[in-house]
Amino acid sequence: VQPGAPAAEATQAEATPAAAGVATAPSIALVLIGPKDDNSWAASAYSALEAQKAKGAKTAFSESVSDADAARVMREYVDQGFNIIIAHSFSYQDATFEVAKDAPKVNFAWAGAIGKTDKNVADYDQPFYEPAYLVGILAGYVSKTGNLGALYGFDIPSCHAMGEAMLAAAKTINPKANLTVTAVGDWGDVSKAKEAGLAQHDTKGVDFWIGCGEGPTLGSIEAAKQAGGYTTGYVGDMAKLGPDVVMSSIVWNMNPIFDAIARDTAAGTFSGPYYQFGVKDDALDVVINPALQDKVPAEALAAIDKARAAIKDGSLKVPFVPQ
Amino acid sequence: MSEAQSSGAPSAAQATIQRRQPRRATTIWSLLAPLLGALAGLLVGAFLIWLSGANPITAYGVMVSGAFGGTRQITETLLLIGPLLLMGLGLTVAFRGRVWNIGGEGQYYMGALAGTVVGLFFQQRLPGLALIPLMLIAGMAGGALWAGIAALLKIRFGVNEIIATLMLNYIAEYTVLYLARVPLKDPTSFLPQSAQLLSPARMPTLVGTRIHLGIALAFLLIPLIYLLLWKTPLGFRIRAIGANTTVAYHAGMNVAFGLAFALLFSGALAGLTGIIEVSALHTRLKAGISGNYGFTGILVALLGRLHPLGVLVAACFFAALAIGAQTMHSVYGLPIALAQVIQGLVVLFVLAADALARRYGK
Amino acid sequence: MIPTNASTPPVVELRNIVKHFHGGVLANDQITIQLQRGEILGLLGENGAGKTTLMNILYGLLQPDAGEIFVRGQRSHFRSTHDAIAHGLGMVHQHFMLVPTFTVAENLVLGQPSPRKPFLENRKTVARRISQLSEQYGLQVDPNAEVWQLSVGQEQRVEILKTLYRGAEILILDEPTAVLTPQEVDELITILRKLAQDGRSLIFISHKLHEVMQICDRVAVLRDGRLVHTTPVQATNPAELSRMMVGRDVVLRVNKGPAKPGAVRLRLQNLQVRDDRQLLALRDVSLAVHAGEIVGIAGVEGNGQRELEEAIVGLRPVEQGQVQLNQQDVTNRPPRVLFNAGLGHVPSDRYKTALLREFSIAENLVLSRIDQPPFTQHGLLNQPAIDQNARTLIQQFDIRAPAIDTAVAKLSGGNAQKVVLARELSHQPQVLLVAQPTRGVDVGAIEYVHQALVRQRDQGMAILLISTELEEILNLSDRIIVLYEGQVMGECLASEADVQTLGLMMAGSKLATIANQQGGATK
Amino acid sequence: MQDLNHLLTAAFVISLLTSGIRLAIPIFLAALGEIITERGGVLNLGLEGIMLVGALAGFMVAYDAEQLFAPSWLWLTPWLGLLAGAIAGMGMGLIMAVLAVSLQTDQVIASITLVIVGQGATTYLFRQQFGSLTARIHPLPAVPIPLLAKLPVLGEVFFQHDLMTYFSIVLLVAAWYFLYQTVGGLNIRAVGEHPAAADTSGINVTAVRYGAILIGAAFAGLGGAVLTVAQLGIFSEGITAGQGWIAIALVIFARWRPGLAFGGALLFGLATALQFRIQALNLQFIPYELLLMLPYLLTLLVLLRGTRRAEAPAALGRPYSKE
């Protein structure tokens, strides 16, 4: 446990006078837009929070916090004396900056992925398009038709970039590869997402999917089960959700981000950085479903490894096409 | 009075005297019953909390202090009362006219859209003093216009307003999403949201607090709605139309106008809520700017028995309950789902107790 | 007549029934009444005396606060109508209890056990049984017609059929004749007699004293919730009965001087109107009403009266022809325009078109003038003026109600009618359309209503009176027009009208034809 | 533009229709139940909550049964789940009935409360029971109807669904028969049109309304269970995603007639399926949001032909009391 940074100490002292003078661990509050057990976006952040807790940090979290409630929840945590608040949704942007202005001694981080920061607000990147590129390589080998499908909750930049990266990679393997994109119109409606996936299959012969968002991804799993083909786990290992169809999953290790925030806070050096951890930092990767390992051609695995290495050494820059 | 009437007078007079006392008892009960109901709901909730291994007393302590425990908490509660009150008051007018406006969500979105567009366009050119009223008016117009589609469909084509407003919710939401993603998108980032409203376009706040003009407006509307419904001929007509449309029409009232007014008025207030919330809280147009007020507003209006003061009480109740429940989760670590269940239980029991009091209190 | 036999208990005995309503009305106060087997008992009383309430208690619809009910000597407790029906009771309600969207047959089998449970009884079997009953008692009605298509008279028949279909031994008839034509009343009386001879027992409520005298064996009179008198009919007369009901002598004949007609106020020209079934209900109807006269529309119910009424007030589209108010064409204009043009309307169906049941008496009394001074001043309602208006009218029209803010739904039928009448007359309209103004109204009130109408006429109001009570038409009108199947059969001055000719016209003969025949016969 | 040629192929039409039917069934069942409830004069706007509860109950029971049953009995588990969904729906219906009929609260508020309760309760129970999303059950298999399934086009569209789809048609006929040919149906309709007349005919209005609500809620619960048990094999929070609201709209759309409700549900399902297929064609000039609103727009447009007010049960939404 590092001695509390002056800034954090002061906050603590204000909130709980009894604790004054005692060196405290960083205390982290996490605000989640969905349920912590979503096997995906929220779960990644939650497990990083648990890791901080294991290291001795005081932690708290709120699940299923709507945009309208976000500012209030953050203020609550400011009052409770937390010195780090992580707002894990890009839609918390304005709430985060507003509360941060009123609580200059608390450090914030939000999931903007656009590099927008403030003195006490960090942003952290989520370059899912990098692992999506690796998935694209797999798709190039595995897809029989070369027709790839992407299901987004809505066509937002981070989703869009994933689909495009996958397509770009697939084309390096199969020049005829093409991408069909559908916005399901809902982040949670599995039934509709499944039908959207089936529609892609029926009209375009799609047999390899990538999902962006929980509902769309679950839907793509069900569609793949029914129509045949493979799909990709979104921000979490989803092999268990579809052992026969989830060929690979994009996994996000948020520990580097949380570690960095805690470290900078404790050291008093936090100054609103833009944390960028991607494939090269082992924060993002693709895992292959062991149950389907035998369905993946060896050269695909080799090509993925090669591309991963190339991303890591900087020789490959994955194209980022947000819209 | 005629002879016949006076001959029957003693018993009638007696009866009139008898009437007063049970009435008073009724009002006491009608105040007490919801409280008892809330208590019963909390009691069942306590059992659930205990089942999940937590201490109900501590949890409820956190709940109460989360909603009322200090200046910040009370501020937050007030900030949430505002939109609930505005929505509930608008729907009170609609429901008094028996117009089932389920489209608060859509009207909220459209109000937010219209107001934000005005704000974005003029914020470099106009001072707040001029811009804010303009935005509020635009917000109301946006909401009213959206409700106006339902009104037109109802009056001109006989389309039931429940289905029309419900469908228009989805259409409004997708419309706003599109506009925020494409034409109104903030050019400085690639997120699907409009540019941010700058300070002239933000709700002015009471000095030193976060209480903003929107909250004041909501409270100001309480007496106004009361006046509208019970002290103006228009309000009378709306209530008459709600009671029996044929009779109202036959009595020479302009039923189409009354229905349209009720619907547009509630739409305007929903739109007003939308622009106020955007200007004060969300600061821009994007997905997820509605806190589901369109639906909670229905509960607020009806639990408030379609009376402005009742709506105020109901709005306070819902705001405190929502915030308290969330604090139980955020601070005390109770599962959010459990907090939601307790919320639902409390509403359910309040409703039942209220009904019991009305039935047997009489 | 069946002698009262002390050894056999009465079929029904009500003992010390007490009923209080919320809001403090003591509707029944210690009422004790007996009904013998095979007897027809008349129940009389002013509007609001408590007749319907007492019968609702007997039928299990309401629970008494105190008192006991004995059926065939057995103490019975009816928790619901279901229990009452099981004890052989049947009731024809003052306000019809038929499901409008159902067929006659469906209404009859409703609540009846089906031999094919859970499925409905075979439609043909039901229809056959209905036809049998219809024939037996002369209650003609089509089992497959939907009730909303029926005339009020037909609905009445269905109501009676319903009780018979269910094998009721004890029949309660709450003002069954209020909506019937004289012929229909005669038929009904025959039917009721036949039922009594068959050993059924009947309670008959009516405001029409001559009917009561004609049909009943005994009468009981209620006043202000108390039983004030019971007597065999032979021992009494209408004047005494009305005195007992109202507490004073009632003048049943209206005194009115000759009319002094002025300018034409209401003119109908070649009206053509369709009914709910899209059949022609009015064909080429033309008439004029002048200021200072009462024109009566006579006719058997269901010959276009309802459509005529609705067409004039703008509730039913006029297909051809014109409605003129004060020379102004108001055809197919909304009620608002007609109101402004000087039309007042007392409709035949008060709850459907004239009264807001949940609103207070005071509010209902200002319904169409709420936005005019003095009820609205400076854009705001003027509650004192609204209340004052109510107090004045309640007193003027002798409306019996606990308070001015009592909901109209809690008024008895007759008092509700007085609220409508009071409101419409208080507008001082130039033209007044009154339909069935005294339907369900007690003798004292009828007297009042009739005098009020004549007074208005004398002050220059043009009044069009639609009534199926021939007596009312004859009593009030200056001119009489007979409507038959949507056509005008003829017109005559009331002073020269004779009942026989009117009866013939009401049955479908044109005046001209009758005149010829009569001319031929006398010569 | 050559993509548009896809629209014309038989395969496209077949897939469109089958997808439309699948999407229609859950909404249709809920709407069918609501028709019965509303015919009894009770407006139950709580279908969303009831469907959710049915969806979870069905899922849980089917899941447990799958764990317990011997392989030869596994065919039974989805049916147990569907039954459980209907029964759980009735449990919700009972709450509604007590509030709306016995206590005579306003029906709108009572039923909207059901939505809140249903959402909270399902989320809570699901997390208690399963924690995360990994639980899976086997959905109902498609059962081609012998001979008929071989028909060209028609066979694929209509006769290759799961048994529940066929059973829904049976339920449609049964509901129609119940409403118009049985004593219970007659009583329900009477109570919805003119409760006082029913009362004076010796019908227990309270009991009949309880029945109408419970039957309706059972259908809604079944509709929810169809989603999780018959079609998807998974449960996730808020999985009904607004279908309960659509069902309510459908009742009005269908003018309270069972047959029209089926048509309406089909229209809505087809519109959804169609817009996904248009999205798959990748027509850049149409914003996807416009396509997403297509089903709702279409519903409104169809309604322009007008709903006659008189067709609603006359006593709809009005509590009945004798005094």
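So that you can tell them apart, the chains are marked A, B, C and D in the order they are listed, and the count of residues begins at 1 in each.
Here is the rule we use: contacts are C-beta pairs under 8 Å (C-beta built on N, C-alpha and C of every residue); 3 or more make two chains touch, one makes a residue touch a chain.
As the structure is a prediction and not an experimental result, all values here were calculated from the model.
Common neighbours of chain C and chain D under the contact rule above are B.
Rounded to a whole number, the gap between the C-alpha centres of chain B and chain C is 45 angstrom. Per-chain CA centroids place chain B at a distance of 29 Å from chain D.
The centroid of the Cα atoms in chain A and the matching centroid in chain B are 36 Å apart. The multi-chain contact residues of chain D, meaning those touching 2 or more other chains, are 123, 127, 242, 289, 292.
Residue positions of chain B with contacts to 2 or more other chains are 174, 177, 181, 336.
Of all residues in chain C, those touching 2 or more other chains are 22, listed in ascending order. Contact between chains, per the stated criterion, is found for A-B, A-D, B-C, B-D, C-D. Listing the residues of chain B that touch chain D in their complex gives 100, 102, 153, 157-160, 162-164, 166-168, 170-171, 174-175, 177-178, 181-182, 295, 298-299, 302-303, 335-338, 340-345, 347-348, 351-352, 354-356, 358-359. Within the complex formed with chain C, the residues of chain D that make contact are 181-184, 186-187, 189-190, 193-194, 196-204, 314, 322-323. The part of chain A that touches chain D in the complex is made up of residues 35, 37-39, 43, 155, 180-183, 185-186, 188-192, 194-196, 198-200, 202-204, 206, 214-215, 218, 222, 240-241.
Against chain D, the residues of chain C that register as touching in their complex are 21-22, 59, 61-62, 80-82, 84-86, 91, 93, 96-102, 106-107, 109-112, 114, 117-120, 162. Those residues of chain B lying in contact with chain C across their complex are 1-5, 7-8, 11-12, 14-19, 22, 227, 230-233, 236-237, 239-240, 243-244, 246-254, 362.
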